[in-house]
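Both complexes shown next keep chain A, but they swap its partner, so chain B is in the first and chain C is in the second.
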Partner chain A sequence: MRRAALAALVSHWRRQPLQFFTLIAGLALATALWSAVQAINAEARRSYAAAEGMLGLGSYETLADPAGRMPLETFARLRRAGWQVSPVLEGRALLGNQRIELLGLDFISAPQANLPGNPQLRETLSPNEIFLPPGIAFVAPDTQRALRDIAGLPHLIADTSLPPGRLVTDIAVADRILEAGGGIDSLILLKGAPDGTPGALAPQLQRFDRQSQGEISRLTDSFHLNLTAFGLLSFAVGLFIVHGTIGLAFEQRRPVFRTLRAVGLPLRELLGLLMAEIILLALLAGGLGILLGYLIAAALLPDVAATLRGLYGASIPGSLAFDPGWAASGLGVALIGALVAATHGLNSIRKMPLLASARPRAWAVASTASLRRQALAGLVLLLAGIAAPILADGLLAGFALMGGLLLGAALLLPLVLGAALSAGAALARGPVAQWFWADTRQQLPGLSLALMSLLLALATNVGVSTMVSSFRLTFTGWLDQRLVSQLYVTAPSEAEGERLRAWLAPRAEAILPIWKVDTPLYGTPGEIYGIVDHQVYRSHWPLLASSDTPWEDFYAGRGTLINEQLAYREDLSPGDSVTLGPGWTLPVSAIYSDYGNPAGQAIVHLPLLLTQHPEVPRLRHGILTEDPEGLARALHEEFGLPRANLIDNGSLKAISLQIFERTFTVTGALNVLTLSVAGFAILTALLTLSSMRLPQLAPPWALGLTRAQLARLETLRSLALAALTFALALPTGLVLAWSLLAVVNVEAFGWRLPMFLFPAQWLWLLALSLIAALLAAYLPVRRLARTDPSQFLKVFADER
Partner chain B sequence: MLIDARDLTKTFTTADGKLPVLNGISLQLQPGETLALTGESGSGKSTLLHLLAALDTPDSGTIRHQDDDITSGNDTSRAAVRRNRIGLVFQQFNLIPSLDIAANLAFQARLAGRYDADWCAVLSQRLGLSELLSRYPEQLSGGQQQRVAIGRALAPRPPVLLADEPTGNLDEATADSVLEMMLELVDETGAGLLMVTHSTRLAGRLSRRLHLSQGRVA
Partner chain C sequence: MNADRLALLLWLAASAASAQGFAGLGTEAEGFAIPSPEAALTFPADHGPHPDFRIEWWYLTANLSDANGTDYGIQWTLFRSALAPFEADGWDSPQIWLGNAGLTTPEAHFAAERLARGGIGQAGVTTAPFEAWIDDWHMTSTAPSGDPLDSLSLAANGEGFAYDLTLQATRPLVPQGIDGYSVKSPEGQASYYYSQPFYEIEGTLSLPSGPVEVTGQGWLDREYSSQPLSETQDGWDWISLHLDGGEKLMGFRLRDREGAPFTSATWIAADGTPTPYPNGALTMTPLETTDVNGAPIPTQWQIDLPAQSLSLRLDALNPNSWMDLTFPYWEGPVTISGSHTGKGYLEMTGYTAP
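For the complex of A and B:
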């Protein structure tokens, strides 16, 4: 009995291979996008965990001076007073052409369990090896390879637990590489250290939770939240597809279900069989989806890695490891999605009367009441989203705004489309036009899920591409302003630097030192630059807000320029005082934009910096010159400077832009994928509906419309719905872009971007969605145009 | 002559092989004539009506509507025949669910470009539909729906009305009154009527009767 029943149920898929394909493909696509995003996130998280958690320092509190590094004596004083602390020195260094994050720990006092390298290995190393030059350092194998040929580095030991680009070494070695002059960034509070601050012992020290300093994880969180949102969105779109196909499969098999019940299969067993079928299908599609997701993730990961490195300085490897965790989550999500999509069908079977009803049932009838309920829910979501950033601060509020906006708009879509179609019907002149609008309106319930997914995809597309393009435009303009010099020269040493300046003085228009110190600003990593008095700064520097006489104050040593990030984070405006170090405060004379930099930054007049930080490395210079090419060649010959130390502003601009292009490759790829999934959703919905369309199309056909006319109208219908959906998606997407630029960006990066509109992109997107609608309509319409008249006639047959 | 059909044959191909349904049928319909087509279930009445209504094509034989051959045309010309020369009424009513009653009533007339508001008003009044014009088909009873279908078929003043068991889905009392209205209106417009029915009682109300059996006129 059960086998016969199963055979009867499964035979449906043999007869409807296309339906089988859409079901599997829809679920697989949804799972693929979801698990791709999960895979990328998991990979990146693993790397951060390696970066921060490897040392287990996340579990320790620290003492630090918000104004900057502390001298070695502070550490010694605290130790003598019985404080269980261990010093840490951190910094970035350019070693060869590698940007390396250095972490200097005191190998003796630091918590041993948290040091890299296994204890046995460390035991085989003699203290002399560790502490005497050149010393030892632990790096990832990749980094070890990259740094192999660089002279003057400590002996590098490969350690797979370290992320690429990070070097862990003894604090003395780090001090030498960073030229920190014995300074200490922070003190780890070990077990047994007293509570509170040392007070009079070191009044400038404050206690920090290590987590709150987790700059990288805070910043990258937004990136991952972004990705996850994309993944969820794609999955929702995929669910719409699955809902459609499963609903259809159930509807079409009603007679089979009825017969099976009539010949004595208990309801419970029928439901059990169907459930088993769904689970099997979900596992099959989920497996395919995970495979596909892995491929997508592997293809995207190098760009993600580049993005994270470029934007946040966070290092993750560019290759993907297979993790059963996200594979399982993908499979689970596929199962849950399929079961959710099937509940409606299963439920209707539970309630199905044994005898067929005479009236043909429409498959997706939504009552006006439920439509209204749905619209109301949409409105509530929309309002809640708008309220979120007003009521709360932070990244989450920004995402609540986006979520509420997107979901609310999607839920409102059927009502809005219904109203538009009614208006169309009211304005229509001829009978065909009138029928067209009225009939389109009637199709709406069956198509609304697919159209909602199209709306989501389009709105995200408009939103994200507006953000990206605004960003690009702003960033390019900003780079033009900011890269004031024609040539950038880095001297290999201070002595060479001095010789270089002397040599350049008669040959260049101006030499602009780019000297900076890395120093915490308000307890987070920061940098202070010194600049000389030159007209190019006044005319070029991208100021966002300033006092009345910013440059006069600045060059008189009565003011500082700070970047937008720092101003936002510390809530500083022109005129406010900013602390640049212990006992060093200056009024803010202006705030400038500084895109792509996670660190807080301040600029002071160079003499001021030299008094406060005489140790500042004097290596980098910007050169104003008519002939950057010739000068670069001359410098190359005269000083033997490698090409990497001589960069003209054109290549610098190209490099910077390249980073940002890659930043958005990922989003772009996900955008395209989501849009294609939405197109697929429309195709399935149209295919689903087309098989139930005959009864609605037969009367107009009998009354004198040709099949070709009907086919044209069906195509037009698909186009009209796509165009109307686009019309609603556009404003939704623009509001989305606004919230990305003005809310999410500010919360995540500390900078706000001006929004630009790109109507050409909208036209392109409209064209894309029309093409998608056209493609989606093609199969069902071709089928309709070729429908044999006898199929129409069956509609009129007596026996129904 | 309104309709002149000669030697029509039609064979369906089914899973069990060929099924000859019509084996050389000829029939004529004169202006003002009302013809009843009777026969057992499955005798091919609907098939014949579909051929006459240009909904389907015969395997052989010719059909002329007012001297114009409709068997040789293409999809478009057959659609034009349905639009302009024929009123169709089905057992299942087949109203357009997305349009209200007024729009349904006027649909074919407007499609054919022969919409006459006064005539439509007369039709809806005579068929007792005046109160229902802004409703939708699903809100009407079977008898009401069939009256709309009759009105829709007669609105363009077609020369011929073809009806396939128009009262088959209605109870007897309703069937009688609907048929009465239809016959009166057909009489007034001077159209020819060909009505399929398996009820000898109803067939008796018409001027002539044709019985189908074994794919032939008996």
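For the complex of A and C:
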């Protein structure tokens, strides 16, 4: 009996290969989307954790001189006074054409856990190799290849735990490459080091705690949260799809179940068989999905790597390791989604009277009451989402808003669509139009899951692309404004800086010192810049909010400019007083945007900075010139400045833009993917409906509508539903974008992005969703158009 | 890189207690100076570092006791190991310094270490004024005149302990071997080696239970070389004994995997006159072992030097005087019985778990 029942169940799939395909494909796609996001996320996290664990310097308190590097003597003096500290030298260098971040640790005194390389690798190295020139350095395998042919470098050792573009080496090697002359950036406070600052031993040193260095990790957290939000979204879309496909798989086979029960298959066995079947299918489709997800993730990961590298300087290798964790979570989603979806189906089979009619359409006709319940749940979610940022602060509130908004809108969709269709029906003239609206409404419950997926995909698309475009527009403008100088040059020493300025004075249009001190602002690391009085600032500096006469106050020494991050963190507005140091308070004359910078920042008139901080390093300069190329060459020859010390504006801008272009490539790709999965869900639903809709279509056919007319109407219906869904998705997406820009971004980065609207993008998206609806309708409509008239006739002859 | 490997190198080189895989180093000395029997030691210049020699140390041990008669021991050691035979200013220095400090009580043993490279001021030795230091550990001359090592102030600390002592020498320096040229193997490996075994000490030990005022006697060893090891020597047992009659005995036994151990001794009369003894004159026989860190380590010894009618038994004050550092060894105070009585120090390296 069991064998016969199994054969009957399987034979259904044999006879309906398309249904089988959609079931497997739906499950697989949902799993793929989920596991791709998980894979990327897991990889990013893992690599980041590895990089952090290796460098783990964030977990130590440090001593540093806010004015710049400290001399080597300071380190020795502190050690001799019993301070257990270890020196760190950092910097960038252009090696060949590779821009490399150097990290020099004292391999003798640095905490062993933070040294690169694994113990086995280190065992093979002799002290002579490590400490005698040329020394050794650890780099990622990619970087090792890129630096292979460059002369004068230490012996490079590949270390997969290192991010590309970073070179970790003994401080002696770093000192040679950076020509630091014994300078030290910071001192790690080791276990057993005293509390407080060294005081008279090294009065210029300030203590920076772990918290303050965690700013960068807050940024990274935000990036991960973004990915996680995408993961959750894909999970929701995936569950909708799994639910839909499994539900269909049950409904399509109700006649088979009834027959099997009628010929004596015990209920328990039928349920058992179905359960086994679902688990098998979920595992099969889940496996396929994981494979697919892996491929997607592998294709996208280089962009993720580029994003992290560009945004946070802490990059991850552009390769993907297979992690059982996310594979298992992918299978879990497929399994749990399928089982949850099956519960309803199994339950209805359990309750099915032995001799009930097949009622294949029963699932497609939801009661008004359940529709109301669903809409109510949607409303509650929506309100909860809106309340979240009001009641709580932090990134989670932002994401709660996003989640509530999306899910709430999705759950409300059937009710809203129903109302819209009712309105359509009320306006309809003529029997065909009235039948069209009424029939569409009647189909709604069967399509609602697929339409909800579409809504989610569309809303995300609108939201994320609005955010990306707003970001890009703002950032490009900001770059143009901020990078006003044609050439940036850093002098190697104070004396050279002096000589440089004298030399440049007759040769450049203007020299704009970029001098700053790193100093705590309100207890977190901050920086104060001094600028000279020059027209470029007045005309180019982007101010978000200002007093009536910001520049006049500023240059009179009566005001300071602060960045948005500081303003946001300390709740400062123009006119408020800001404390820039002990006993140094100035009114805020304006607030400027400072994208991507985690630190608080203030700008004062240069003479003021020199009075307050006479020790400010006078090394960096922006230069206004007609001929940056020629001047750069001359500077190189006259001062022997390495190319790394000369940055021309064009390439700087290009690099910056490239970074931000890449930042959201991944998001865009996932967007398209989500949209296509949603399109697929509509296809599945329409396909299933079309096979059941013969009884609804037969009467209008009998009344004189041709099959072609019916097919046209079906196409129109699909388009109308997609258009209506889009109409709801658009505002949802815009609110989503707003919450990303004004809530999530502010919570994560401390700056708010202005929101720009891109109606052309919406039109494009509408076109895309209509095309998706058309494509989804194509197969069922073609099938309808080719249905043998005898099939229509049969509807009136028997019960099928 | 790893400090463990680095310390291993330093330690192996410094203690002449080579593990098998490392024996090669001691016999070759490319570019490094080689001790010669002709060259005489000159002071105070030779108190300072000799960067052209591969290894060097300033090694002080002291047997101390408090007012109640409780015995203590302390060790203060600064090793220098050169990767290349020169010194340079800044990070490029090829000199690496290792400090070890120990404090032993009958019940407890404390040990700590410090690592630094040369050239940057974190560790080093200067002769005028004499100071040897690594971080805040130091051995500083307080002698107003005469040899700078005649009076010293000495301090070190680690987790759970610290000490701060003043040392006053009552006799001149004592050269070991032949005028400071000390042979270390039948093949002729040798080092420069001199001592100051006549320190009277007072000062304070800081223990978890509180400070303890102590007095006692100390022994400073100065040694440098570039090739102290023979290929088959894999560890040593070294003693410095203060006998109650005022005599001192330095002796060591270099264990050889393939033959009889190589021994050497210097008998130092109470007036400071040394009598060196060649290989074989001294015998050192383990009597009892203690399981320390998984390896049996001799903590009771029979010492015989028939030429001086010497037959001694040494008992460790604390058999668990294990220097549990990145490269571990045993070093602690001993009490002397037999033909003479007194106190001393015992160091044993190269005893590894089977």
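What we mean here is this: the second predicted complex is superposed on the first by the 533 of 800 C-alpha atoms of A that agree within 3 Å, B and C clash if a C-alpha of one lies under 4 Å from a C-alpha of the other, contacts with A are read in each partner's own complex, and residues count from 1 in each chain.
In this section, contacts are C-beta pairs under 8 Å (C-beta built on N, C-alpha and C of every residue); 3 or more make two chains touch, one makes a residue touch a chain.
Note that the structure is a prediction, hence the values are computed from the model and not measured.
For A:442, select first, second, both or neither according to whether it touches chain B, chain C, the two together, or no partner.
first
Classify the contacts of A:431 with the two partner chains as first (chain B alone), second (chain C alone), both, or neither.
In the superposition, A:431 touches chain B alone.
Answer with first, second, both or neither: which of chain B and chain C does A:264 touch in the superposed model?
The answer is neither, since A:264 touches no partner chain.
May I ask you to decide whether A:796 touches chain B, chain C, both, or neither, giving the answer as first, second, both or neither?
Touch partner of A:796: chain B, not chain C.
Is A:707 contacted by the first partner chain B, the second partner chain C, both or neither?
first
Once the shared chain is lined up, is A:699 touching chain B (first), chain C (second), both, or neither of them?
Touch status of A:699: first partner only.
Quick check: in the complex, which residue numbers of chain A touch chain B?
Going through chain A, the ones touching chain B are 430-432, 434-435, 438-439, 441-442, 696, 698-709, 789-790, 792-793, 795-798, 800.
Mind listing the chain B positions that touch chain A in their complex?
12, 46, 50, 53, 55-57, 75-76, 78-80, 82-84, 88, 90-92, 94-99, 103, 106-108, 110-112, 152, 164-165, 168
Spell out the part of chain A that touches chain C in their complex, as residue ranges.
The contact residues of chain A facing chain C are 72-73, 75-77, 79-82, 84, 106-109, 112, 115, 117, 119, 122-123, 125-128, 130-133, 136, 170-172, 175-176, 182, 192.
Going by the contact rule at the top, pick out the chain C residues touching chain A in the complex.
1-6, 9, 83-84, 90-92, 94, 96, 115-117, 120-122, 133, 135-136, 157, 159
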